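I'd like to ask some things about the structure below.
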Amino acid sequence: MAMLEFDNVEVFYGKVQALRGLSLKVEEGEIVALLGNNGAGKTTTLSTASALMNPQSGTVTFNGADISKGKPWDVVAAGLIHVPEGRRIFSTLSVHENLLLGGYLVKDRGLIQKRLKHVYELLPLLDERKAQQGGTLSGGEQQMLAIGRALIAGPKMLMLDEPSMGLAPLIVAQVMRVISDIRDEGTTVLLVEQNARAALKVTDRAYVIEEGATTLEGNAKDMIADPRIIDAYLGA
Amino acid sequence: MSPVLEVRDLEIAFGGVKAVDGLSFTANAKEIIAVIGPNGAGKTSAFNCITGFYKPTGGSVLLNGADITGKRPADIAHEGVSRTFQNLRLFHDMTVLDNVRAGMHLYGGQNFLDAIFHTPRFKRSEAHYTEEAHYWLDFVGYRGRRGVPIRNLSYGQQKQVEIARALARKAELLLLDEPAAGLNHSEKQSLLELVRRIRDLGTAVVLIEHDMGLVMEVSERIVVMNFGKEIADGTPAEVKANPAVIEAYLGKDDEDEEVPAHGDA
Amino acid sequence: MNFRKRTIGMLGIATAVLLATSACSGGLLGGGGDTGSDSGPIKIGMIVPTSGSSAPTGASMANGAKMAVDEINKAGGVLNGRMLELQIADGACDAQQAVASANKLVSSGVVISVGGYCSGATLPTLPIFNKAGVPMIIPAANSQDLVKEGLKNVFLINGTGLQQSTAALTFIKKQGYKSVALVDDNTSYSVDITTETKKQIEADGAAKVVLKTSVNAGESDYSSVVRDIMGSNADLLYWTGYYQEGGLIIDQLKKAGYTGDIMVADGSADPTLATIAGAAAEGVYATMTPTPNTIKGAEGWIADYKKAYGEDPKPYSTQSYDAVRLAAAAIKAAGNTKTDDVIAALEGIKDFKAFSGPLSFTKEHTLASGGFVILVMKDGDFQLFDDLQ
Amino acid sequence: MTIDNSTESIHTVEAEAKKRGFGAWLSSIFENKYIGLVALGIALLMPFLIATPYALNIMTTAAIFVVLAAGLNIVVGYCGLLDLGYIAFLAVGAYTAGIISKAFQLPVLFTLPAVVIMCILAGLIIGAPTLRLRSDYLAIVTLGFGEITRITANNLTITGGPSGIFGIPGFLVIGDIDFQNPVIFYYLTVIIVAGLVLAAARLGRSRLGRAWKFVKEDEDAAEAMGIHTYKVKLLAYIFGAVWGGFGGMLFASHLTAISPMSFVFLQSALVLMAVVLGGMGNMKGVVLGALAISLLPEFLRDFSSYRYLLFGILLVVVMVFRPQGFWPPKGAEAERTKAQRELAAMANGLKK
Amino acid sequence: MDQATQVIWDGLFVGSFYALIALGYSMVYGIIKLLNFAHGDIYMVGAFIGYAILTSLGGSFQSLGLFALIVVMMVSMLLTGTIGVIVEKLAYQPLRGAPRLAVLITAVGASFALEYGVAAIASPNPRGFPVRLDGDFVLVLGARVTLPQIILMLIAGVLMFALDLYIRRTSTGRAMRSISLDMKGSLLMGVNVNKVISRTFFIGSALAGAAGVMAGAYYGKIDFLMGFIIGLKAFTAAVIGGIGNIRGAMLGGLVLGLVESIGSQLVGGQWRDAFAFAVLILFLTLRPTGILGERVTERV
C-alpha cells in the first residue's frame, strides 16, 4: 500500500480547474519529485494533500485513510507535514517559538524537547538564532527553519514546496543535503521543484505535472536523460 | 538623441541590505533589453525603482533625458512608462475589457459631467475606449471571452490581458516582469513573437525573464545581476561567454545544471 | 436568463413592499386624516419613546395615559358615549422616528395628541400635527423652543424651562446658596434649563454661577465633571439632565467627598435616581411639579396604578394621565372634535384639576402657574420639601 | 479625421446590429434600463395606492435614505474606502440648508449651491489628511470625524445647540404650488433621488468610476496605469459628500427641524448596512438595500420593543445566507460579436 | 498641581476599563480582522449576568463583599465567554471568507440582538447593582484615590497580566499569534483554527464580562445600552494602541482615558469627545499604525 495516493483527483479554484484527474503514488521510504511549470498544479497537489483544499472528485489517501474531506489539522496529526512555498515563517515570532509551533499537536513535552534538541543538532544555525525574530533571518535560514519546524511535528512524510526558490546555489545545495539526511532517517519525502535537475539528483522517482495532471512518471536517473522531460518541462 | 530609458548607478536598500547596488543600463526605442539573474538578485526591486514603487536610495532614472527618479508611480506612468507585474496584478472582479481600459486612463476624453449626462463626448470616448480595448486584446492574440471577469480566465489568458493592459497605455517604455513564467511551450513561442511586435511599434521593451531560451532569442542586449550588483551587460553571445556570468549565475563546479542554459541561442 | 429571473424577483419584492405598505396604512387613494368624523371611537395619539435609552419613561407615560382612558371609558366615554381609543407610537427620542410616528398617528385619524417627552424629538412633530389640525397637549417635554413658533395647536402642561428656572432661583435665594454649579447633559431640554437658570441667577445677583458645563449621556464614568464641580467649590449643584446619568454623577460626587447640596430638575426627579445613586441620593432636592407621592389623598390613585401595571407610577405617569383627562375635558367642552373648537376649549380651560394643581393656560399656551415645588429625597423616594408659596 | 470617420462607421454597424436586437449585449442593456424604470414607475405610482401622510412620510424618508446609500456606495462600494462617519455629510448638508434658508427666509432649494460647496469642503477636510491611512484606521478616523461633526453641531450657537434648527422654510413655492405638500414633496424627492441614483450609477460606468474600482481592487496596479490613487480617492469622497449634502437638504426640508440627535453614529452604521446588504458597488442592489433598511423597522413597528431584536436577527440571518448582499455587481459586461470585433480591429488598423 | 494628579488618576482609572474591553476588540481583530461591534454589548451582558446572579442569591451574598464579587465575576466571565463563542459560531463563522464588510454587518446585527434581547428579558429599566464597592478616599499626591478603585485596577491588571502571559507562553497563545500573522501557515502547523478563534472569542468576551461586573459594582447602575458608548471608546483605544496588538490595546486604553480626562480639563466637558477624536485623528495621521502597531512596508 502506498503511503500517499492520489486517485483521479479534480480540484477547482472557483471556476478554474487546477487539477484534472491527477493520480500519483508515494511509497513509504521513498523520495519523490514533482516537477512542472509555474501554474501546472504542483502547489495545488500539495495543498490538496494537506487538506487546505478539498477535491471536487477523486480520493486522496494517506496510510490507507481517506483524507480528501479531512481538515488540515487531522492531516498534520496523521503525520503528513507540508513545508509550504515561500516558507511562511511567522515573522514576529522567535525562531524558538516557530519551532514550538511545529509541535503544536504534540502533547508530550518530553518528546518536543527531544525533537528540539535533534533539530538544533541537525541545523546548528537555528540554535544560534533561537531568540531572533523569524522575519529577520535570511532566505536560506528561513528555509532551514521551515524544515526544522516540520521535523518537530514528527513527520511520517514530508512535503516540500520549492525549497530552493530564491536561494543562492550554495544554499540550495545545503538544503538538498538536509533533505537527503531527513530521508536517510526514514522519513518519506515528496519534493516539488521547478529546478528539475537539482531535484532529480536527490530523488528516487519523479512525476511531471502538466495542466493539472501527471504526464510522465519514472525513475529519477532515467528521467534526467529523457528528452521528453526537456520537451514537456523545460520547453526547449 | 538620448535613450528612452537610462538607469545610472541605481541603488536601493532595505534595512541596510542593498537589494540593488549600482545598476546602470540604457534602453532605446525599438530595442529589447533583458535583465536576468538568479532569484533574489534584485531585478524586481530595480523595476520597482524605475516605476516609482520604491524610492531609490541612490542613483537616478532618466526617461528621454528627463530625471524621473523618486516620482510617484502614477506620475511616472504619465511620463510614458508602462509595466506588468511578476505575479499578475489584474483587477480580478472586473471584466477583461475593463482591465484593458485601465491602461487607457490617461486618454481622458471625458469628465464627470459628461458621464452623468451621457453627452455625445462621453459616448464617443467610451466607444473609443472599447475599440482600443478590443484592438489591444486582438494585438496580444487573446481569443477568450471579453465580457467576463478576470477570475474566470486561465493563467495564460490572464497573462495576455495584463500585457494588453500595459500596451493600451501606449507607453514609450514597457517593462515586463517575467512574462513567460507559467506559460507552456507554444504560449512562449507566441510571447516571443508578441514581444517582437511590441518592439516594432517603436517601444523600448525591458524584460525580466528566467527562461534563458526565450531571453537569448528575443533580446538585443542582456543585463545580468547578482546579489544586487550588475555583473555583465552585452549581447546574448557576449553574456553567454562571460565567465563571471557563468560562475555567479549558474553556480560553481557541478552546479552548472542549476538553471537550464539550454537552447540554441 | 439569469437577468430575467432577477427582474421577476425584483418585481416580486416591489409588489411585496407595495402590499405590505398598503396593508399597513389600510387605505387606497387619498385616505388622509379624517379629523372631523363624529361617530365611532375618538382616537387619541401619543408619541413617547418605547425604544432607546428613554424607553422606561415612555412605558410609564403610556401606562398613565392608558389608565385615564380606561377610567373615562368606564364612566361612559365622552360626547354621548363615544369611547376613547389610545394609539401609542414610538418616538425613540429621535427626530426622524418621531416624525414618522406623528405621520402615522395623523394617518390613522387621531383628533388630539397627548404625547411628547424629549423636546428634541417633539419639535419636528409640531408642524405635522399643526398642518393636520391636531391639537397637542404635551405632557412632559418643556423646552421653551416648543412654544417659540407660537403654533396655535400646541399646549404645554409641564412647566417650561423658564418656570422651572424661576423655581430654582427662588429656592436658591431662600436657602442662601452663594455659588452654584450648573450641569446639563447637552440635550435640548437640559441645556434649556441651565441656560435659563444661569441668566436668571446672573440677573438677580444673589448667587454666583461658578460652573456651567455639560456631560455626555450614556457613559458610566463622570469623574471629569466631578473634578470640575469639586474644583469650583460650589455649595449647590443643579443637575438638569435625566436620572440615569444624574444618579451616577451624584454617587461619584459624594464618593469624592463633595459636601455641598445637590438639586436636580424634573428629568431626574424619579425614584430610580435613588436606585442608581444609593445612599448618596439622600437629601437631594428636586424642582418638580407635584406628583401623587407629594399630594395628599393620591394614595388611592397610586394603589390603582400599581394594581394595573405592577409597578410604582413614575413622575410623568401623572402628567400623561392628566393630559388624557384634559383632552377629554376639552372635547367635552367643545362638543365635537373639530380642531378649532377643541383649541378654543383648551384656551378656555380654567382651573382644571390636575395633579400639579389648578391648571389654566397663558396666551403662549404654557401653564399659567408653573406649579413647581421643591422635593427632597428621603428613604429612597421624593417627598415634598417646599411648595415655594 | 480618419479616426472620427472610422468610429462613426462602427456606430452605424452597431446601430444595424441593434435592429437585429437578439444579441446578449443589446438585450441586457435594454433590461438594465427597464429595471430602473420599473422601480421608478412603482415609486411614482405609490401615492395613487396609498396617500396617507404616514405612508408618504416613510416613503419620502426611504427615498432620502436611498440617496445616502447611493452616495456612500460611491465611497465604499466603488472605491472601497470604509467610512463609518458618513452621516457627517448629511449633517453638513442639512445644517447648511437649514441655517441659510432660515436666516434669509429662502426656499430651501436656493441653498443648493451653498450646500454643494460646504459638502465639497467637508469632503476635502475629512478626506485630505486621512485617505492615506489603511482601511481600518480610515474607519475609525471617519467615525471620529462623524462624532466631531455632531458634537460641534450640538455646541455651536449658529447650529442651534442641542435643539437644533426648527421652522425651516419650505422647499419651494411657485405660485400656487407649495412643494411642501407631502405628495408634491414626495414626487420631488423621488425625482431628485432618481436623478442622483442614475448619476451615481453612470459615474460608476465612466472612466472615473472605473478608476475607483481599480483603486479598490489593487492600488499599486492602478498607480502603474497612471491613476493618481490619492486624487481619485479624494474625488470619491467629495462625490460621496455631495450626495450626502443633497440628502441633507431634502432631510432638512422634509423634517423642517433638524437636531444633532439625527446624526449619531448609529445612522452611519445604518447607511453602511444598506450598502452592504444591497450589494456593494451595484447601484441597483444598494437602492434595494436602502429600501430594506429604512422600511423594515417601519414594518416591524407592530412588534414595538422587539423590533430591534428582530431587526438584528434578520440582519445576521440575511448576511449568513447571502454574504455578498442581495444583488452584488454582476461583473459581466456586454460582448460584441466577432464580426464587430473584426471591424473594430480594422478601424484601429487604419488608425495606426 | 493637585488638579493635575487628579486628572491623571481619573484618566488612568477609566482607561483601565477601556483597556479591558479594548483587549477583546484587539484580539478578535488580530485574528480574523473583524471589528466586532457586538463586543461592547458583551460587557453589558456581563453586567446583567452579575446582576442576575447576585439578586437571585438574595441578600446573603452581599455581606460577603469583595470575595463574593470576585466569585460572581468569574461565573459571569464563564458565561459571557460562552455567549461570545456562541455569537461567533452563529454570526461570524458562517461568514469566514466572505467580504469583510459583510461580517461587519452581522456584528452590528448581533449588537442589536444582544441589546434588545436583554431589554426584552430584563426590561429596559436601569437597575441598581446589588453589591456596591464603597470606600472612603485618601489623598495620594493630591488625587482622591479610593480602595475600590485600587482593587478594580488591580483586578484589571491581574487579568491583563494573565492574558499577556497566556498569549506569550502557552501553545494556544502562540497559535493565536501565528494565526494573526498567517492563517494558512498556521493550518499547516496543525492548528485547529476554528478552535483557536473560539477560544479567542471566549477570552475576549470573558474579559469584557469581567469589566461589566466591575463597572456594575463600582458605578452601581446597569442598563441595556451601557455597552454602546464604551464599546466605541474601547474600539478607539484598540486602534490608538495599534489594533491587533495585545499590549497596544492596554496602552491604548490608558492613553484614551488620559486624553479624555485632560481634554475635559482643557476644553470643557461638552467638547471632550471631540477633543479625544481630534487627538486620535492627528495621532493616526502622524503614526498610522498606532502606538505599538507594526509598520507595514509597502510591497509590490
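In order of appearance the chains are A, B, C, D and E, and numbering begins at 1 in each one.
Criterion: contacts are C-beta pairs under 8 Å (C-beta built on N, C-alpha and C of every residue); 3 or more make two chains touch, one makes a residue touch a chain.
Treat the numbers as computed from the prediction; the structure is a model and nothing was measured.
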| item | value |
| --- | --- |
| Contact-graph separation of chain A and chain D, given in steps at minimum | 2 |
| Between C-E and B-D, the pair with more C-beta contacts | B-D |
| Most distant chain from chain D by Cα centroid | A |
| Euclidean distance of C-alpha centroids - chain D vs chain E, Å | 35 |
| Centre-of-Cα separation between chain E and chain A, whole angstrom | 42 |
| For chain A paired with chain B, centre-to-centre distance based on mean C-alpha positions, whole Å | 32 |
| Chain B, residues touching no fewer than two other chains | 53, 85 |
| Touching two or more other chains - residue numbers and ranges from chain E | 116, 119, 124, 270, 273, 298, 300 |
| Chain A: positions in contact with at least two other chains | none |
| Contacting residues of chain B [partner chain A, same complex] | 38-40, 151-155, 181-185, 188, 211, 213, 227, 250-252, 255, 257-260, 262-263 |
| Complex interface listing, chain D residues touching chain B | 7, 10-11, 25, 199, 202-203, 205-211, 213-214, 217-218, 220-229, 239, 329, 331-336, 341, 344-345, 347-348 |
| Sites on chain A touched by chain B in the complex | 14-16, 37-39, 139, 165-170, 172-173, 195-198, 210-211, 230-231, 234-236 |
| Residues of chain E defined as touching chain A within the complex | 171, 174-175, 177-178, 181-182, 184-192, 294 |
| Chain B residues within the chain D interface of the complex | 51-53, 72-75, 77-78, 82-83, 85, 89-95, 97-98, 101-103, 105-106, 108-110, 112, 114-116, 118, 122, 124-132, 134-135, 138, 145-149, 165, 169 |
